[in-house]
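What follows is a group of structures, each given as structure tokens.
Look at the two complexes coming up: chain A is in both, with chain B in one and chain C in the other.
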Partner chain A sequence: MKRTTTATFGALAALTLALPAQAEISDDVLKIGVLNDQSGLYTDLAGPGSVEAARMAVEDFGGTVNDKEIEILSADHQNKPDVGSSIVREWIDEEGVDVIVDVPTSSVALAVNEITREKDTALLVNGGGTTRLTNDDCSPTTVHYAYDTFSLAKGTGQAIVQEGGDSWFFITADYAFGHSLEQDTAAVVEENGGEVLDTIRHPLDTSDFSSYLLQAQGSGAKVIGLANAGSDTTNAIKQANEFGIVQGGQSLAALLMFITDVHALGLETAQGLQLTTGFLWNMNDDTKAFAERFAERRDGQYPTMVHAGVYSSVSHYLKAVAEIDDDGGEAAVSQMKQMPVDDFFAPNGEVREDGRMVHDMYLVEVKSPDESEGDWDYYNLVATIPGDEAYKPLSDSTCSLVN
Partner chain B sequence: MTELLGIPPQVLFGQVMLGLINGSFYALLSLGLAVIFGMLNVINFAHGALYMVGAFVAWMMLNYLGIGYWPALILAPLVVGALGVVLERTMLARLYHLDHLYGLLLTFGLALIIEGLFRNAYGVSGTPYPIPEALAGGQNLGFMFLPNYRAWVVVAAIVVCFGTWFLIERTRIGSYLRAAVENQELVRAFGINVPLLMTLAYGGAVALAGFAGVMAAPIYQVSPLMGQDIIIKVFAIVVIGGLGSIFGSMVTGLGVGVIEGLTKVFYPEASSVVVFVLMAIVLLVRPHGLFGRPRT
Partner chain C sequence: MTAAKENTQTMSTGQKISNALSDRRVHLAGFGVGILLIAIAPYLGLYPIYLMKLLCFALFAFAFNLLLGFVGLLSFGHAAFFGMASYISAHTIKVWGFTPELGVAAGTLVACVLGLAFGSLAIRQRGIYFAMITLALAQMVYFFALQAPFTHGEDGIQGVPRGELFGFIDLSQTMNLYYFVMAVFILGFFIIYRAIHSPFGQILKAVRENESRVTSLGYNVTALKVGAFTLSATITGLAGATKAVVFQSATLTDVHWSMSGEVVLMTLLGGMGTVLGPLFGAGIIVTLQDYLAGMGSWVTVITGTIFVVCVLTFRRGVVGELTRMLRIHS
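Now for the complex of A and B:
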């Protein structure tokens, strides 16, 4: 009896020891799930474009990783955390998905973040912006890639306060992302000697902003900060124009704006706005090459920083998986943290302990119609914000993974 | 300065004014829905999509044909009305003898198809439509800066709503329509072409939606999603006003606009739900709506 027990223990121990060496790509296929908004207000900035970007990354990688097939799935989370969660659970439990990519709409990203942590699945967030993903809610299986609300605040917020815009009124989308962006920007404003006069929180996906704009106008604040995204931002800017906000001496700060938003608004309305982005498509030959390939496959739509981030994050993830021949969430992400990122999106990027991918951000100003040399030529580069200034320093992080 | 509920009166006036402007859109759309339900017994879920089509037709006219805002204000509703006539003749007319539910399912499906087609072609971010030059700029009313275009929206919407009400309640053709609603067989016996009346009613009502779409184009982004955003609210308004009540839908449209505007001052977070809360309360107290009467 005793001998059998010892033998069993011995066998078990041997098995346990052998396991790491046997780690490999589960089910002999690597499945990438692109989860985002495919029908609502964030469709253009992420949506099918992100799926295409992931496809390009897989093709450029050769279509297989260590001779295992790579497959891409995609789904529409409708900007609802419950819908997103149930898709991800099904993907992981039924389909064997190994990595979830994109996930705009921070409330959905936070919900998915909990599931991927529990199920040891990698999560590469590009569309979502909340800094909670790398602070209170950080996870060993999550990488936050393209940008976050801190970097937007640091870029746009700081530039505007330093130009004299020292009293702010926020119009904020009433969910995780808006709150995070408002908070981070308010902190930057106050740090630089400015003050926040008031804040209004509007429901996600609002079409009429006149009421909020009128209240902002009445507040006498020098700057009206738009802590929202997508069509919420474009509608607010369009209507601010109509109500003569800028002519009246107040300025607008679009804290998050994508190139697709500028395209939708038109330069006539958008000119002169300062904004922060993680990707400039006409920065150099490499970025141009990617953008033009992307546009060709997307009927002329140029990539947003989310699209470029999806491409870069998927490539980096595939390299990591190939290196360790393991698609476990924590294993892959910790390998991603070991390897530097070096591509057109982030020439000197690095994934930190807290999951934050640190790379340069760009403060740009929207060109006037005369300056623009054609469709999608929209930005003048004002300043490059080096990665270590653009992102929240590790020493201030509240992430439990940071010692 | 005296304050009302902690808000300076100027701010309050401004918000009431803005509420009326938004209410004008609600009124134009809910009026069309009420006409269609009253006359055809159809719950027209495609109304929001047709409102969006109106805005897009105006945009296409400007960008592809160089036709400006003013001609588009007439032409786009005609195009949308014609589309409505085709939909009614080829599809809806076959469903009148069935339960409401079939009309609802058909129009809901149509709305999804129309919106899907536009989304595929134009993306969701939409495209800008400039404010016509004659109405650019605005007036300082003392308590607020009122863009000229918005003032025009209120005036035009009220004129059009009143015109529609007058047509239905005070003219001969309107009396035929109302009679056909009460008793089709009898009206037909008098030699009146009832199916034609129905077609005209549907075409006219969706033309109103197209008109609202053109009016909305310079204010909002012209986007395939614009109809979705507004249609659910408009349905709630029709229910509050009383299904099929033309006068009720107009008054309720304006009223809800104002209430929503005030919510945006006192508790902005609730501005997208307030209309549904109102609907629930009205249904509890007056199940037939504020201006509705029980249907037999």
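Now for the complex of A and C:
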């Protein structure tokens, strides 16, 4: 009898120990880790700007969540998956970081995605673009927020094919993001009756595009699709200008361009380019208010869709954590999925079960220098693409979380 | 008179220490303490993943030191063995479902074959030409890794499951993994230690000092060098394959030429040609990289500066200088 009692008590004690920690904010502090490129080709579009955006979101939230301090850490992943994943591993193991934000460079985002899934930590991807994050590699702890390659393809690709650009040549950055963007755009081109003549891939962070551009010129394609980002895109456009590609009758399609890229190119070079973005800073008073506050804190740099997305995603995450008083990755993300997003970035946004945040995207055309009314006034809105058209329908998703 | 007496006394103590340093029993005792330290390090509050990274790089540097310090061959292509082994081990574990020990063995084997091939080709040249050939061959491996479908180019192989060692030890438990890495490290270190202190190692040192004389004694110097090169490549592969299991990934960083440079730096900083030097060198570099990670590309500038300081002021490396000081001053 006595024996059984001891055994029962033992078992009970073991059970208590084995129970998961109570739903609460771990270590009495909520730590946000902003991971991005702070020294390389994606510094302008994400970089310190994203850290500032996260800081603004925390300040606007009041600096604490359910009386627990909020702390922000940041690090440079140098666009290398191994560097990014070891930083994240250490952040989670040693620092107790609860949420990872931004992560441009899809290869790094995919690597981090594996770790946050394993360690039940939330991941809010803004900078990274690959649709793999919400399809084959989707995770219950990941939200893909600002944009993805499907929405870019849908916006820019479709518009260009419908205007008669029906034969394409792709110059693609040779990593997850480039592949994903090229694949999604090619699908849109073919769906709309166009054809893809050929594809050439270049390493990430290339400075000399001449051989790629000459091949593209020789292919006779009407449209040269640039499936790359950051300074890769701006370098390619500048050099295409030098080769007189546009004057020769071919057109360039920059499939992913940020306002900072347009700023770097200058309107003289960039005018007339069509591109898709998730955020227009001068759309309405709310967006203007955010952009001007941001610019003030960033020495005049206006926010890209990544910066605005970081702000919005961090706010949404904090609201979710406050609601359930739990900073576990899966718990917080599933709460984010239940609450609608409603702010200047995504007035009618929702986080779907595959982790995709669905919101309107905008097809814009870069203004000519005469049209521009001042600094950073670069875009003419061509069309608004409603969220349910801009993003891949759930019925086509290959994500295991979607039944 | 007294001064002279003191002098003789100092000499004899110096001699004693010098003898002690090369005494095998002292070595064994030292290793015992070392192993104990490594075994308890995670309980002293050090981050286990950091320690595992350190052990992998220390093993890499040991293997490199075998070639540079004991045969006098400066290879600039060791990243090829390190990186290729990590790709093979990651791929076999992730895609083919190998258990970790088989994956690591497969990676090591590939590095061994690659080392034999590269060694046979490169060993025909000396000095800078040898270094250049190894670099060229390693660059070929790099571009292979960039383009081959199974390595996934810039993305690398991610999310490699840690799996179960021998089918029943769960390596997803950090401490289990730690002791696995420690065992691999000790195995690799012991092989190198034995090689250095065997007749084979003695002849290698003789080759370093005077190659023609060794030839005239009737040894096949080319075969000896190829043997040493292959052994070094194999242990390098063992380190790379283990690193893939620890970090659950294999990427281009491991196979990039800067990795070859990093191991040269570790070896020189720690003390070329000393048994324990590479461990210290790896420790310094890995620690710097870890603690300065937040500073991004400044890490390279700082390690570069340290390298310059090392070459200018203590050319024998940390361990080399320490041993010398012990010999002179005591």
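By definition in this document, the second predicted complex is superposed on the first by the 381 of 403 C-alpha atoms of A that agree within 3 Å, B and C clash if a C-alpha of one lies under 4 Å from a C-alpha of the other, contacts with A are read in each partner's own complex, and residues count from 1 in each chain.
What we mean here is this: a contact is a pair of C-beta atoms (placed from the backbone, for glycine too) under 8 Å apart; a residue touches a chain by one contact, two chains touch by 3 or more.
Note that the structure is predicted; figures quoted are calculated from it, not measured.
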item: First, second, both or neither for A:293, with chain B first and chain C second; value: neither
item: Touched partner set for A:174, first chain B, second chain C, both or neither; value: both
item: Chain B versus chain C as contact partner of A:203, first or second or both or neither; value: both
item: Partner chain in contact with A:266 - chain B first, chain C second, else both or neither; value: first
item: Contacts of A:41 with chain B and chain C, given as first, second, both or neither; value: first
item: Which superposed partner A:243 touches (first chain B, second chain C, both, neither); value: first
item: Touched partner set for A:231, first chain B, second chain C, both or neither; value: first
item: Chain C versus chain B, contacts on chain A by residue; value: B
item: Touching partner for A:218 - first (chain B), second (chain C), both, neither; value: first
item: Partner chain(s) touched by A:114 [first = chain B, second = chain C, both, neither]; value: second
item: Contact residues of chain A, present in both the chain B and the chain C interface; value: 39, 174, 203
item: Chain A residues within the chain C interface of the complex; value: 38-39, 74-76, 78, 80-83, 85-87, 89-90, 93-94, 106-107, 110-111, 114, 174-176, 203-204
item: Interface residues, chain C side, partner chain A - complex; value: 47, 49-50, 53, 146, 153-156, 158-159, 247-249, 251-254, 290, 293-297
item: Complex interface listing, chain B residues touching chain A; value: 8, 10-11, 14-15, 18-19, 21-22, 119, 123-128, 130-131, 137-138, 144-145, 147, 149-150, 219-221, 223, 225-226, 229-230, 261, 264-265, 268-269, 271-273
item: Residues of chain A defined as touching chain B within the complex; value: 39-41, 43-45, 47, 174, 200-203, 205-208, 210-212, 214-215, 217-218, 230-231, 234-235, 238-239, 242-244, 248, 260-261, 263-266, 268-269, 301
